[in-house]
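Take a look at these structures.
Okay, so subunit A shows up in both of these, paired with subunit B first and subunit C after.
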Partner chain A sequence: MPEALLEIQDLVTSFKTTSGLQRVLDGINLSLRRGEILGLVGESGCGKSITSLSIMRLLPQPYGFIENGKILFNDKELTDLSIPEMESIRGNEISMIFQEPMTALNPVFTIGNQIEEVLDIHQDLKKRDKKEKCIEMLKLVGLPRAKDVYNEYPHQLSGGMRQRVMIAMALSCEPRLLIADEPTTALDVTVQIQILELMKSLQKDMNTSILLITHDLGVIAEMCDRVAVMYLGKIVEETTTVNIFDNPLHPYSQGLLNSRLGNIQKGEKLICIPGMVPTLSDKPQGCFFSPRCSKCIDRCKTDMPELNEVKPGHKVRCWLYVDEDY
Partner chain B sequence: MTEYILEANNLKKYFPIFGGVFSRVEGYVKAVDDVTFKIRKGETFGLVGESGCGKSTTGRTILNLLKPTGGSVTFNGKVIFDVENKHTLNKKETRALRRNMQIIFQDPGSCLDPRMNVASLIGEGLLEHGLAKKREIMDKAVELLELCGLRGECVHRYPHEFSGGQRQRIAIARALALAPKFIVGDEPIAALDVSIQAQVLTLMQELKEKLGLTYMFISHDLGVVKYFCDSTCVMYLGSIVEQASSERLFSNPLHPYTKCLLAAIPKSNPRETKERIILSGDVPSPADPPKGCKFHTRCPQAKDICKDTVPLMKEIATDHHVCCHLY
Partner chain C sequence: MSLMTVESGLSPWKIATAKLKRNKLAMFGLFVISILVALAILAPVITPYERDRIDMFKIYESPTSEHKLGMDEMGRDVLTRLIYGARISISVGIVSTIIAVVIGVILGAVAGYSGSIVDSIIMRIVDVFMCFPFFLIAIVIAGILGPSIINLMLISGLLNWPSLTRIVRAEVLSLKHCEYIEAAKALGLNARKIIFKHIIPNTLAPIIVYATLGIARGILIEAGLSFLGLGVEQPVPSWGNMLSAAQNFTTLTTYWWVWIPPGFMVLVTVLSINFLGDGLRDALDPKIIQ
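Up next is the complex of A and B:
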């Protein structure tokens, strides 16, 4: 079994607010193997993005902080690193692609300038080599006229091209871990598939591990080896991608799968999850999902279940699967 | 013979580009370029395409929210505008028309005035059209909110107190306040979470059955359109490339662009193997569309004729129109 590249243990991230501490992440355990694509799904506000920002130590300051837990990356404890040490890892060994490529790129610098900035910080290259490397990266992500793009500004490119530039920038130091936070949400379907195919082929070539954050189960089916489903700062189910589609155990995962329109025939009634995600300051008692759950039993209203491994490689946080043999 | 509630003929909407020292008109963005379609009473009519293809502009132009450049629209047997024959409605007639045609916008956060409470948001149209007195507004708003699946006591609250899905329900309640016959939904669920999307769609479906509405549903999500719409139009760069009943369109797509769009939908199951036709490049700029067939620059099946001759809309089978030289 390949060893874990990233190991998150009992991660608790909190935000200081006027109404006291809010736990955004509540005991996250995740591990990501080398060369693996792990998907993280959930609705907005469930803590997907905060997980990635915690790993990168880019939580919004001064409100957000890691209260407890360990993030082991390559056997290094990221939470203990000093700021300069963290900076040497960020962009070099772990890099990130954001959802909105327009806001992630600086509008007043050329594309070449922005990619070279990463190389400046992490690699000691001569000026000419830097430019060569930069153009090579732009070609690698499939941008036509890479030499011209080098001198262009972000506003001259379309959304899909900007996202390619982001990928080129993120991969320029050949990171071991790439965190992609909703990389295709802002793009059209036809461009989305181009970007996903590109990420898949580059992942194979470079053997990078990817943590893919998305709310789109279609993207998960397309890309991931394993999936973790999050709800209100906790992981509720973790298993292989095939398993989650064939045999989802947690009622929330089942609800998410049922809400998709792709495989429902016309005229059939949609089965939707009633209600909405509660706010963090108003977390329900017991299992967080219990007020919306169709299979809620008495125990769910009082106690929070643990994330149990009910089958090898299939963990679920639900009382329905605790006492039975699965 | 089914009745058509809305007919759009040769609809055009060009936006001028100003440039130079004197801000002269240098060219036009042809956002909607010669679009013709008919919507039957009681159906859900889908309009799909990539961003920038003119879906929303079409929706807004038929409602007369944007001034059309050319073409005509007939709603319920009444001509709303006919640019060629210089026919437009006067103010009074337009107001009467608004009662029957409403729109739901994509972003419920920005289409509700943050300084108005829910009761006045919903009641605004009723007051304006003299359909209710001030005293009655509250009861009417409660009724509409409950129809849209929100609790009646929410009427005193303000938009920021609601989540995205709830705001979209308020927007729907607001659109329904005047009891319209026809509603344009401009990507009404695109900004919502998956589980909430399903809720809002179910609501729209129920309301349609209960109130006998006709929808024009604008979306970029083919999965949603397949489930929700009775007939579907595919747009590319301001023109309709294929039009058919949803069943036909999804089981037997003819235009290469439709095929590419369908192939680009992510898999619904990891085991599914999908034939991929990956389009190269991006949508060309509508200010400078390619000559001939607009899709020929990206089309995998392009022939020489596509480069200089614009294909005409042909009827391949009953209710299946396609605009391509291949057929």
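Up next is the complex of A and C:
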């Protein structure tokens, strides 16, 4: 088994709000191996994006901060690093792709200018080499008119092209870890597939690990080796992609899978998980999912279960699988 | 809409230039300003007489073919001094604006970007500066420092930055939550690079407009202070101290050629700059489509 590139241990991230401290991430444990694609799924507001921002140490200031826990990246403790040390890691060893390609590029500079900027900070290249590398990256992400695009402004490109530029930018320093925060949500379905395939092939070529944040299970099936399911700041299930689709254990994961459109016929009612994600200030007693859970037992309402490894490589946070060989 | 489709392939600056060229008043302003700047630079070449040459026999001589704008109270050629005066007035306007823009933009960007305590401190300083009645404090400082061109530039520059700081800060506040700023952070840029390379270039439009109008303001301040004898000192001519001849009642009523030309120059220059400034604002604001 290849060693872990990223190891998150008991990460607690909190936000200062007018009604006191709110734990957005509540003891996250996650590990990502070299060359692996790990999916992070969950409903809106469950803490997926905050997990990625915690890793990057880019939590919204001055409200968000890491209260507890460790983030080991390549045996370095990220939470201890100074700001300049962290800046030299961002974009260089850990890169990030954002959800909205339409607004993630600076409107007043050309594409070439913006990619070269990243190279400027992290690599020591001569001016001509920089331009060459830049055009090479644009070709690599499948932009047909790479030389023209180099001199073009963001508003001249379509959403899909801009996302390709973002990927080129993120990968220009060959990072070891790429965090993709819903990279295809804002794109057309046809473009989505192209971008995902591009990311997958580049990931193989560069042996980059990817932390893929999404709420689209189709994307997970397409891309990921392993999946972690999050609910209200906690990981409720973590296993391989095959397992999550064939044998989901946690009732929340089962609910998510059942809510897919493919499962129903025309005219039937859509299946959904009853209830709403509770707000952070109003977390339920016991297991956070218990009020919405169809298999809720008495114990769920009083105690929060641990994330237990019920089978090798299959962890789940649920009382149904404790003290019992199912 | 046709405007957008035609120009969509151009850079933002080219679109702005195209828009500006269509604005007749702004182009007229630009034309007049260009002529004035050329006159100021070429003053020694084009002026018919030496700047300070005195002809005792021609004191207060009215305009003739020899002296097109007549002679002043010391027998100096008004036209020559008027052209040399453009040098002083325009350079005071430009230098004081540069001082105001450098201070204003840096403080505004830092205040807006860093937020919290730094922001509060800078904005309170701005509030204090904005409480001063401008002309009064300018007169007091000019009185203490003594009249000179350098002091005039400093006074005008150092009193003019607060409003620009407010403009820039407001722009930065709205920009700093843009995704491309987040993206820049995620790519490892430090705060200084983000402010100078990503935020300030995006606030250039209002800065340029402010700076243009600031030059007009600088010229007016020069005229005002010199008129009161607190600015440029004789024998160096500026439009302001040439105007001060009008303080004398006899001059005001009888020798109109001594004070009308500099007054007219101030008027035309400030008006032209304001036309250009308004045109620039329209051209640089993408929300305005003519």
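Everything that follows uses one rule, which is that the second predicted complex is superposed on the first by the 320 of 326 C-alpha atoms of A that agree within 3 Å, B and C clash if a C-alpha of one lies under 4 Å from a C-alpha of the other, contacts with A are read in each partner's own complex, and residues count from 1 in each chain.
Basically, contacts are C-beta pairs under 8 Å (C-beta built on N, C-alpha and C of every residue); 3 or more make two chains touch, one makes a residue touch a chain.
Quick caveat: nothing in here was measured; it's all calculated off a predicted structure.
*Asks:* Is A:Glu85 in contact with subunit B, with subunit C, with both, or with neither (first, second, both, neither)?
*Replies:* After superposition on chain A, A:Glu85 lies in contact with neither partner.
*Asks:* Who wins on subunit A residues touched, subunit B or subunit C?
*Replies:* After superposing on chain A, more of subunit A is contacted by B.
*Asks:* On the A-aligned overlay, A:Glu77 touches which partner chain: subunit B = first, subunit C = second, or both, or neither?
*Replies:* A:Glu77: touches no partner chain.
*Asks:* Of the partners subunit B and subunit C, which touch A:Ser158 in the superposed model: first, second, both, neither?
*Replies:* Touch partner of A:Ser158: subunit B, not subunit C.
*Asks:* Using the superposition on chain A described above, determine whether A:Asp188 touches subunit B (first), subunit C (second), both, or neither.
*Replies:* So A:Asp188 only meets subunit B here.
*Asks:* Of the partners subunit B and subunit C, which touch A:Glu306 in the superposed model: first, second, both, neither?
*Replies:* neither
*Asks:* Check the residue A:His215 against both partner chains and state whether it touches subunit B (first), subunit C (second), both, or neither.
*Replies:* In the superposition, A:His215 touches subunit B alone.
*Asks:* So, does A:Leu270 touch the first partner subunit B, the second partner subunit C, both, or neither?
*Replies:* Only subunit B is touched by A:Leu270; subunit C is not.
*Asks:* Please indicate which partner A:Asp205 is in contact with in the superposed arrangement: first for subunit B, second for subunit C, both, or neither.
*Replies:* neither
*Asks:* Of all residues in subunit A, which touch subunit C in the complex?
*Replies:* 56, 58, 61-62, 83-84, 87-92, 95-96, 98, 100, 103-110, 117-118, 121-122, 153, 155-156, 166, 169-170
*Asks:* Contact residues on subunit A for subunit B in the complex?
*Replies:* 43-44, 144, 158, 160-161, 188-194, 196-197, 215-222, 241-242, 245, 255-256, 258-264, 266, 269-274, 276-277
*Asks:* So in the complex, the part of subunit B that touches subunit A is made up of which residues?
*Replies:* 50-51, 163, 165-166, 193-199, 201-202, 220-224, 226-228, 246-247, 260-261, 263-272, 276, 278-279, 281-283
*Asks:* Given the complex with subunit A, which residues does subunit C contribute to the contact?
*Replies:* 8-9, 11-12, 115-116, 178-180, 182-190, 193, 197-198, 201-202, 204
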